[in-house]
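For reference, the structure is listed below as structure tokens.
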Amino acid sequence: MMNQPLSPPHLSSVIPPGIHCALDYAVMAPQFIPGPVFEYIAGGSGQGGTAAANAAAFAGWAVYPRLLRDVAAGHTKVTLSGAELPHPLLLAPVALQKLVHPLGELETARAAEAAGSCMIGSTLSSFSLEEIARSAGPAKWFQLYLQPQRESTLDLVRRAEAAGYDAVVLTLDAVIQVASLRALRAGFRMPDDVVPANLKDYPRPGQRRPDAVQSRVFQGAMRDAPTWGDLEWLLSQTTLPVWIKGVLHPEDARALKARGVAGLVVSNHGGRGLDGAPASLDAIAAVRAAVGPDYPLLLDGGIRSGSDVFKALALGADAVLVGRLQVYALGVAGALGVAHMLKLLLEELEVCMALAGCATLADIHRSSLLRVSESPTPEGSP
Amino acid sequence: MMNQPLSPPHLSSVIPPGIHCALDYAVMAPQFIPGPVFEYIAGGSGQGGTAAANAAAFAGWAVYPRLLRDVAAGHTKVTLSGAELPHPLLLAPVALQKLVHPLGELETARAAEAAGSCMIGSTLSSFSLEEIARSAGPAKWFQLYLQPQRESTLDLVRRAEAAGYDAVVLTLDAVIQVASLRALRAGFRMPDDVVPANLKDYPRPGQRRPDAVQSRVFQGAMRDAPTWGDLEWLLSQTTLPVWIKGVLHPEDARALKARGVAGLVVSNHGGRGLDGAPASLDAIAAVRAAVGPDYPLLLDGGIRSGSDVFKALALGADAVLVGRLQVYALGVAGALGVAHMLKLLLEELEVCMALAGCATLADIHRSSLLRVSESPTPEGSP
Amino acid sequence: MMNQPLSPPHLSSVIPPGIHCALDYAVMAPQFIPGPVFEYIAGGSGQGGTAAANAAAFAGWAVYPRLLRDVAAGHTKVTLSGAELPHPLLLAPVALQKLVHPLGELETARAAEAAGSCMIGSTLSSFSLEEIARSAGPAKWFQLYLQPQRESTLDLVRRAEAAGYDAVVLTLDAVIQVASLRALRAGFRMPDDVVPANLKDYPRPGQRRPDAVQSRVFQGAMRDAPTWGDLEWLLSQTTLPVWIKGVLHPEDARALKARGVAGLVVSNHGGRGLDGAPASLDAIAAVRAAVGPDYPLLLDGGIRSGSDVFKALALGADAVLVGRLQVYALGVAGALGVAHMLKLLLEELEVCMALAGCATLADIHRSSLLRVSESPTPEGSP
Amino acid sequence: MMNQPLSPPHLSSVIPPGIHCALDYAVMAPQFIPGPVFEYIAGGSGQGGTAAANAAAFAGWAVYPRLLRDVAAGHTKVTLSGAELPHPLLLAPVALQKLVHPLGELETARAAEAAGSCMIGSTLSSFSLEEIARSAGPAKWFQLYLQPQRESTLDLVRRAEAAGYDAVVLTLDAVIQVASLRALRAGFRMPDDVVPANLKDYPRPGQRRPDAVQSRVFQGAMRDAPTWGDLEWLLSQTTLPVWIKGVLHPEDARALKARGVAGLVVSNHGGRGLDGAPASLDAIAAVRAAVGPDYPLLLDGGIRSGSDVFKALALGADAVLVGRLQVYALGVAGALGVAHMLKLLLEELEVCMALAGCATLADIHRSSLLRVSESPTPEGSP
């Protein structure tokens, strides 16, 4: 991979030649994003096993073309949390986007508006949620991390409500983030001027050191980790729909639905949480089976093409979140890049739907897929 | 891969040394076909996943040798659409063959006659269907794309009838063709003088641009895509048998048989249609199960050797179409190359049949194969 | 691979340093056998798929160590065709061994005697069966190809009887041998002075050319291929036990047993017959199930280590044939090499048996193995 | 791999930069351990197939993250042989540790005490069991090989009892150790001054040579191999709990439990016993099913990370043994390295537990895992 320093910051953006499909933004990214930063973004936690599995899982499924179906009235509209979106491609919450572009989330927000995409702003954004809301289009959700103090959390929620966010997406799968070995080996460290803008006025409680005989994990990092009680408290504090991001196990899905959350995002934090967690695609069918056919369900993790989106929907998702492609496109060509990436991805999805005979997202079913290892052998053996 | 410019056009053809089997034409092709053209031919749509899967699927099956069976009266005859063919190797419709040889389809047609193969001429041939018919042998079918205007389509059918084609093969799996990334990256563009000769007198309707809010796919490319109504219309217009090419899903197969089409070609357009579609071989057994044992069924996609043909037949095909090997052989050695490739492929099939104890194609069954992952373990465990 | 010309012929042989296990003879062979000859030996027919599968199949099984079993009285004796052999390692019939050593089969025969191995001399040996018999030990079988004229076949059988061979092994899986692409590409051709010594006095019928409209395969090579009638004739002509080599399909196994043959060799001719045939190991369990627990059954194909032998026995074989390792060892160090290779292989088998708690071959069962993809998951999911 | 001579012996140890996780000690080891020694340690017996399988097996399982569970009171305590250990990471018995550090097992023992780990001292240690006991912490077990003479064995047991060892771990899976080809090819030989200190005063019976007609394996190495009678004798001689190391087959596990042994170590001797034995992880679930839920069971083989430990526990282990990582860490940084490696491994386990919602080892179940090839496909096909 060729890595070039990012100097001077390119405020005006141009789509480079050679971008033929959404995935090409990943191919191009190392030419536009400094090496250690690229490693930080591309890598997953630890050995990166889950990050790799996320993308690899899609190859296990093939999409059946279907013939002669009239899809001339086709569209990709989807209704989520009561709002109709033109397509099921949401921009995943990604922290600290100044890392790859000086205008960071502001560019991403502009792209979201241009592409009709719902942006999910991160608690850890490098611009404030209010600034992002001003740039974004009508569809925007706010991703929430519970803060050490409930007052801070509540303030974030109130600010999101005031800024016009339509939903809160509570992330629960990154209580501990293990560093990426790729990033460590590349010598990545976060630049001093890239900080979470939303949190600068909140008190940071001093790090409680566990006793010598206690665990840095259980009695340290996990001491204030969110619990079912915290979720109930949050649900009682806001009338915004609350989604949960980071669900993989069907029992968690069932329990969260029972508590009244608005919907779930099947996710392993892009392989940046527990290294060794299942690929999102490998988990979604069981989650869909657990929550029933009508409950809102999104998939996050590994989306690199329109047929990936199709497969996620066929296995149970209502829509998908796009993370790494978003950041790569932002680094390559700013707002224009992100909007272009979304346009390519959408058209890839539409082509896949059209050839699979699906005029709407509701037409995409499990029967649209063939498990690659499922090659049917109806007659006897040997 | 070594690529040499194709200059001057080699009108007299010689089989190069080192061709030991049909597959060797694929091995040799990069030495005879200019790089970008080779990439265009070899590549599948998009990432080329389905194109690769087509060929890889055959490795999942082994062929059982059988002993002491008398095959001295053996032959490879097959009856398709009422005509007896000496062998089950058809030449797949391939567009614009001038790309690899100045006499394009005329050479291919001569090879078909010499090798006793049924040639399926393409609507998009670089020579007219009448010219091709004059060069071809007795067995020739015409591959049809529905044209934007029914008059054009009907004219094509009438011309095919008049020129003596025995059947119409309606292609339905390439309503949209996504460009091959390999071809794009190699800088391929179609030469100006390589054009579909059959269509030059038909009006080309201006490209309808969908509204800004509409989809280029659903309201653009798919607006005039063939529907069940178009198929019924076509069936009412000709007494030639109408085959459908591009079937993968068993429900489509069942429905098409019910409409009265003559037979089906299980195909994913050589991986040039929907990237991510199943390998043809992975789909055929379920299609055969859907249409019953006696309905005509061909397989297209991935055939590179005689044992590939055998496996396709064992899993349900009556005959196969040969696409890329045809074009490679044409580029390597013109008509002589195509005829030689067919001869090698046929002899490979005969050897496979003879060693598998099959005197005729009807002797080839599912029980002739062992799924490679099926190694039987009759006794208990652990 | 390093290839050195074989000059001058090394009549006195020395085991080179660096041979630690039987497989090392395969590792060393390219240093002692000229390149094209090595390619001819190592390669399988066609693409070599079956030859590779033969060896790869063994990795699909693990051997369970067992504890505290008393094996101090252990041995590897086996009784085949009424004769007790000290171990189940037979030397497979390999043609024209002068290719790798000037004294060819005479060296192999001496090694067989030294190592207590049963040698199966080939019809196509480069020394006569009488010369080989004089060098071999008490255990020797004669491998038979049916000759174009029954008189020749009968003469071979009578000569084998007279020379003291204990059994006839009729090979049926190489009616047609497709050339190895590896050998073709390496430019291998058989030296003029390497000829089948046994056949030099028999008339060679002129090659019957099939009519132009006939198949070189069905009406050519297969015209005089052995049939069930030929087998019955042979069985009526000799009182020696007649084994059949080349069985893979359980139905063939059942039918051959019913005709009264003495035993079967599960084999695909070392991948030199039908390219694409199943690995011998993948076929043996179904063959064993077809013929019942007590019928004599050998495995040929892919044996490279003592644990390979163990796995073959656990899946149903009574003994195994060693082909390529035999030739490699002969090329590397003559009779001494073959005897040493057998000694290493036997000790590897004994170690495997001892650690698996098997004092005798009869103790080796299917339950001694774990299918590698069989890892047991007794509790529920997810 | 870069290999540097180990001179001069580094008695003071420093953790090198670049160690981010326990596995990094394996990555770093070739820089600190001389080449042939590293090959000897890293290699398994024979081709090393089982050694590689041990580590590879863990990739077949994913760990489910679980949400909102309160693990603030979490810990990793486990009770084995009546003693509570702070965590389930035991130091596997590894012979002759002077090979990688001049103070060998004394350093390891100090690390065990510092890290609260139970050390299992080897019969073949390069320092005496008494010296090791003086350096070790409160938790120490003694690994026993039965000696040629029962008096020697008994003396070892008495010495272990006197030195304060808490348990005896009888190793049964290495009756014969086949040399590692990697070590042989690297030219490894054991230095003269690296000898088993515990055994220097015991008589070494002259090697009994089997008769010429006998087997070096069955009548040689296996003549005095342990039998069930030896186990019964040992159990009658000591009141210490006796564990058995080297169990893989469920029937052996059942039989050993019935004899009254204290617990089992599922192990294949780190791939240094029977090459071709199953990976420990592939065997443990069936062993757990055989002995029931409450019987003490450890896993040895392939542990390289905290999630590996988690997976072993989820499939049935109560704790694990760490072998190669122990030796690598010892070679890299002495006692400090071993203690640091254990600390990293423990924290990796705690993070995995925390994210998987497991506050204690008892919360780790089979339902915490997803078989990677198990991706659920609840809806119908095709």
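Chains: A, B, C and D, in written order; residue numbering restarts at 1 for each.
Note that contacts are C-beta pairs under 8 Å (C-beta built on N, C-alpha and C of every residue); 3 or more make two chains touch, one makes a residue touch a chain.
None of these values were measured; they are calculated from a predicted model.
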Problem - Touching both chain A and chain C (chains) - result: B, D
Problem - Rigid-body rotation angle, chain D and chain C, from Cα fit (steps of 5°) - result: 90
Practice task
List the interface residue numbers of chain A and of chain B, divide the shared ones by all numbers used, and answer same when the ratio is over half, different when under half.
Solution key: different
Practice task
Could you please state the distance in Å, as a whole number, between where the Cα atoms of chain B are centred and where those of chain C are centred?
Solution key: 41
Handout entry: Centroid distance [mean C-alpha coordinates] between chain D and chain B, Å
Key = 58
Handout entry: Contacts with two or more other chains, residues of chain D listed in rising order
Key = 64, 249, 286, 370, 376, 382
Handout entry: Sites on chain A touched by chain B in the complex
Key = 18, 20-21, 23, 59, 62-76, 305, 307, 310-311, 347-348, 350-356, 359, 370, 372, 375-382
Fill in the blank from the handout: Contacts from chain C onto chain B in the complex sit at residues 46-47, 49-50, 53, 57, 60, 64, 172-173, 175-176, 178-179, 181, 184-185, 215-219, 221-223, 225-228, 230-231, 244, 246-249, 251-252, 256, 268, 273-279, 281-283, 285-286, 288-289, 365-367, 370-371, 374, 376
